[in-house]
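Each of the two complexes below includes subunit A, the first together with subunit B, the second together with subunit C.
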Partner chain A sequence: MTLDPSFIWTAFVQILPAIPTTLYITIVSMFFGLLIGTAVVLIRIYKVPVLHPLAAGYVTLIRGTPMLTHLLLIYFGLPMLIDSLAESFGWSFRSVSIPMIGFAYISFSITAGAYMSEVVRSGIIAVDRGQLEAAHSVGMTTFQALRRIVLPQAFAASLPNLSNGVIGMLHGSTLAFTVSVVDINAQAQIVASSNWKFFEAYLAAAVIFWGLTVLVERLTALIEKRINLYNRGGVT
Partner chain B sequence: MIKLSRISKSFGRNEVLKGIDLTVEKGEVVAILGPSGSGKTTLLRCINYLEKPSDGEISIAEFTVNCRKPAKKDIHTLRQKTAMVFQQYNLFRHKTALENVMEGLVVVKKLTKEEARKLSAELLEKVGLGTKLDAYPSQLSGGQQQRVGIARALALNPEVILFDEPTSALDPELVGEVLAVIRKIAKEGITMIIVTHEMGFAQDVANHVVFMDGGVIVEEGSPKVIFQSPKEERTKQFLARITPESAYSI
Partner chain C sequence: MGAQFDITAVFEYFVKLLPFIKISLLIVAGSIVVGLGVGFLVALPRLYRIPVLQRISQVYASFFRGTPILIQLFLFYYGLPELLKTVHIDVSRVPVLYFVILTYGLHSAAYISEGIRAAVTTVDRGQIEAGYAVGMTGFQAFTRIVFPQALAVAIPILGNLIIATLKDTSLAFTLGVMELTAKSQSLGQLSRHFIESYIALAAIYFILSFLLEKVFFALERRLLRHESRSETAERVSLGKKWLKRRLETKVAWTKGGTGI
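Up next is the complex of A and B:
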């Protein structure tokens, strides 16, 4: 068997339509992951009663199990839960109306939430305590101080880790093929299976992933540049 | 008028403030002096509730907070009546000088952006930073940052401005510009409480000097009395040690 360079291009073109699926999964999961992560870290920092041990348990449990396991547990467990609830409450909603990609959104958001909570925490730790005190001293509530002063700076400080997270999720989203979502990787497999040129197809997929990753890196650099406008007192 | 009654504060077993009573009249400039660890900064931070007193009562302009069981709302109200100038400036790092001053006006005082911007620009002009409105804190010298901090405190139009060693982190040559600004606003009749090590400045600007040691107020009075004829032995010792003439007779 020899390499068929022209099929790499053919595969490349045929895989392109799957890019939005991969991007949707990445963006949606990271967005909700960041929200969940921020909520979790605030619950843990402020030791909110009842929720605090739950949040700690969530982080250790999710970080302690593979992303693929989360997906499979959600995929098989959630329909059972929803259908039994629907039956006992008499809802007309049934789990079959959830699109496949929905399971990927839900499970990957849960995965990302646990990892992002640590990323956000590192960012919050990096913000000087004096910033919060200054916000309090001008009369802000803790919520206002967090939203306007602490979190923006924490976000800036955790940007390198965040970009790592986005790239990790971009690549991790390939797992969605296990629940029949056609992402870049799954599309490559489909393209290849018509003529058994797997190497060429996966090579094309690799190039696309790399391109997307470079895009994320560029975007990060752009945001970082903007942040460094105020941060130039730092070590970099 | 500000009235502190029986303010005490402990960190674990370490009792830092042992029942402080202090009354500050409207328009007074109070200088709090004392050796390190005497509790003067802690006392100042208690007034703004950045430090929670263990016991006592804080009363500012008829508004009283019982420190035993303060309501969250009361703490918030108390903070709105006070403003703090920090030793380490603590300017909002991601905001320009102008935005730093505007922040409290927009978020807390609910001014429109235009009103806030106008007022903030005026205040920065007043502290001599009319040309630095768009500079970030990292682009300003320590003295400039501290003057922005003062403008930020002034903007809130508080009952009292609390200064926590405002010049201690500054290069000696930058101290003067900050003290000049404080002196200028002191003349406008704003109530101020200043924790400082600048004896000359305290003597010059304050009209009420408080000497603290070991978590209690040892002696208080007019600067003339405290600096020239202190009654307590501890005050005399302290002043003798830090007054330059007597300290270095080589």
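Up next is the complex of A and C:
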């Protein structure tokens, strides 16, 4: 078995159709992660009575355990939970009807939620408290002030973290192969084992991931340039 | 799927998993040792701006940060024996564990090199000049002045990285290394008590990363005791390495991203 350079290209072409799956997982988990993260941050900042310790525990627990264990726990635990609930309440819904990728979406969203809550929190902290007070003094409600004043600035401040989060989830989505979702990694595995050319296939997969990562970085740089237009502070 | 949930099984599996902690920790320790060595070598050309080598170490860091660790594991496991075969070294009998340690080592080296760069640049250039002014050589100034200060900055970075590596070792099961995750999977398969064994697994990882975090926090406090009023940045606990840490001089520490 020797290195077959031409097969790298063949594998590359064969892996390409799996890119959307990886991107779906990344985008869906980031989207719900941001929603969960924002909710967690609001709960923690406003110290909502019962939910506050729960939110703190959620973040610590998720960040202290590997992403793989979340996926495995959801994959094995959720069907058990749903089925036993369905039996006792007489629902017709059974866990079998959840597609495999659904487990990946759910578990990665939970993972992303914990990490995103830190990102959102650091973004909100970065906005000076006086801004909110100024907004109040011109007669905005708290909701208006958050939406018009605080969140846009927090978004700009946390953009680098967000992009790192996207890249982290992009790389994390490779775990989806454990629940038999055919993403880039699983496709590379299939191509590799059906042609008995492992090195070439994984090299192609690595190149694709590298390219995607660079793409995310470049996009972030573009958005950052656009979003920081208002920022005329400093000396440059 | 599986048997009825049984809480006693969680404790039973927890105890059964304990002996495998040392395999996971071995991978972490081995990879950090490799990572520190390689990371230092990779950081040097960029610190001293050596023309061609600087570019190479940039591409190195970019590649290892731009591709998932899982892909890298497979790449090294299947690729390295083939590459070494061309120079007539047979590694087909080398245990998988070494490949795993090497891959994690090279992976963390990319992050460590960025960390070293960040840490060294936080030390004011005037410090080294002051070192020269009192007659130190370049080596003396580095080891006596820059290094101890850079270490204090680097410790939280290293701590985050070690915790992240610990969590990444859960992927080593894909190559058939019998560590915590692999063991919990086989325990689950034996008795069909998957949930219980994974809960025990999660508990062990959580306890380990919690302890590691406490150790590094204590270490950081001790190394920063020379600062009159500690200005440690807001801590991101149990850090995943792609969470950016803002250091005091606004040097970013990022996971993910290729930096080119």
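Keep in mind that, in the parts below, the second predicted complex is superposed on the first by the 232 of 236 C-alpha atoms of A that agree within 3 Å, B and C clash if a C-alpha of one lies under 4 Å from a C-alpha of the other, contacts with A are read in each partner's own complex, and residues count from 1 in each chain.
The rule is simple: a contact is a pair of C-beta atoms (placed from the backbone, for glycine too) under 8 Å apart; a residue touches a chain by one contact, two chains touch by 3 or more.
Since we're looking at a predicted model, the values are computed, not measured.
**Student:** For A:Met140, is the partner it touches subunit B (first), subunit C (second), both, or none of the two (neither)?
**Tutor:** first
**Student:** In the superposed arrangement, which partner chain does A:Leu3 touch: subunit B (first), subunit C (second), both, or neither?
**Tutor:** Once the two structures are laid over each other on A, A:Leu3 reaches subunit C alone.
**Student:** Would you mind checking which one, subunit B or subunit C, touches more residues on subunit A?
**Tutor:** Looking at subunit A, the partner in contact with more of its residues is C.
**Student:** Can A:Gly64 be said to touch subunit B (first), subunit C (second), both, or neither?
**Tutor:** second
**Student:** Quick one: classify A:Leu34 as touching subunit B (first), subunit C (second), both or neither.
**Tutor:** neither
**Student:** Once the structures are superposed on A, label A:Pro152 by its partner contacts, choosing first (subunit B), second (subunit C), both or neither.
**Tutor:** First partner only.
**Student:** Counting only touches as set out at the top, which of subunit B and subunit C does A:Gly130 meet: first, second, both, neither?
**Tutor:** Only subunit B; A:Gly130 stays clear of subunit C.
**Student:** What residues on subunit A does subunit C touch that subunit B touches too?
**Tutor:** Dual-contact residues (subunit A): none.
**Student:** Give every residue of subunit B touching subunit A within the complex, in rising order.
**Tutor:** 48-50, 76, 79-80, 82-84, 86, 88, 90-95, 103-104, 107-109, 136-139, 152-153, 156
**Student:** Which residues, counting only subunit C, touch subunit A once they are in their complex?
**Tutor:** Residues 1-2, 5, 62-63, 65-72, 74-75, 78-79, 82-83, 167-168, 170-171, 181, 188, 194-195, 198-199, 201-202, 205-206, 209-210, 234, 236-240, 242-244, 252, 254-260.
**Student:** Under the touch definition given earlier, write down the residues of subunit A that touch subunit C in their complex.
**Tutor:** By the definition above, subunit A touches subunit C via 1-3, 60-61, 63-69, 72-73, 76-77, 79-80, 115, 118-119, 122, 125, 160-161, 163-168, 170-172, 174-175, 185, 188-189, 192, 198-199, 202-203, 205-206, 209-210, 213-214, 216-217.
**Student:** Which positions of subunit A touch subunit B when the two form their complex?
**Tutor:** Checking each residue of subunit A against subunit B gives 128, 130-131, 133-141, 144, 148-149, 152-153, 156, 227, 229-233.
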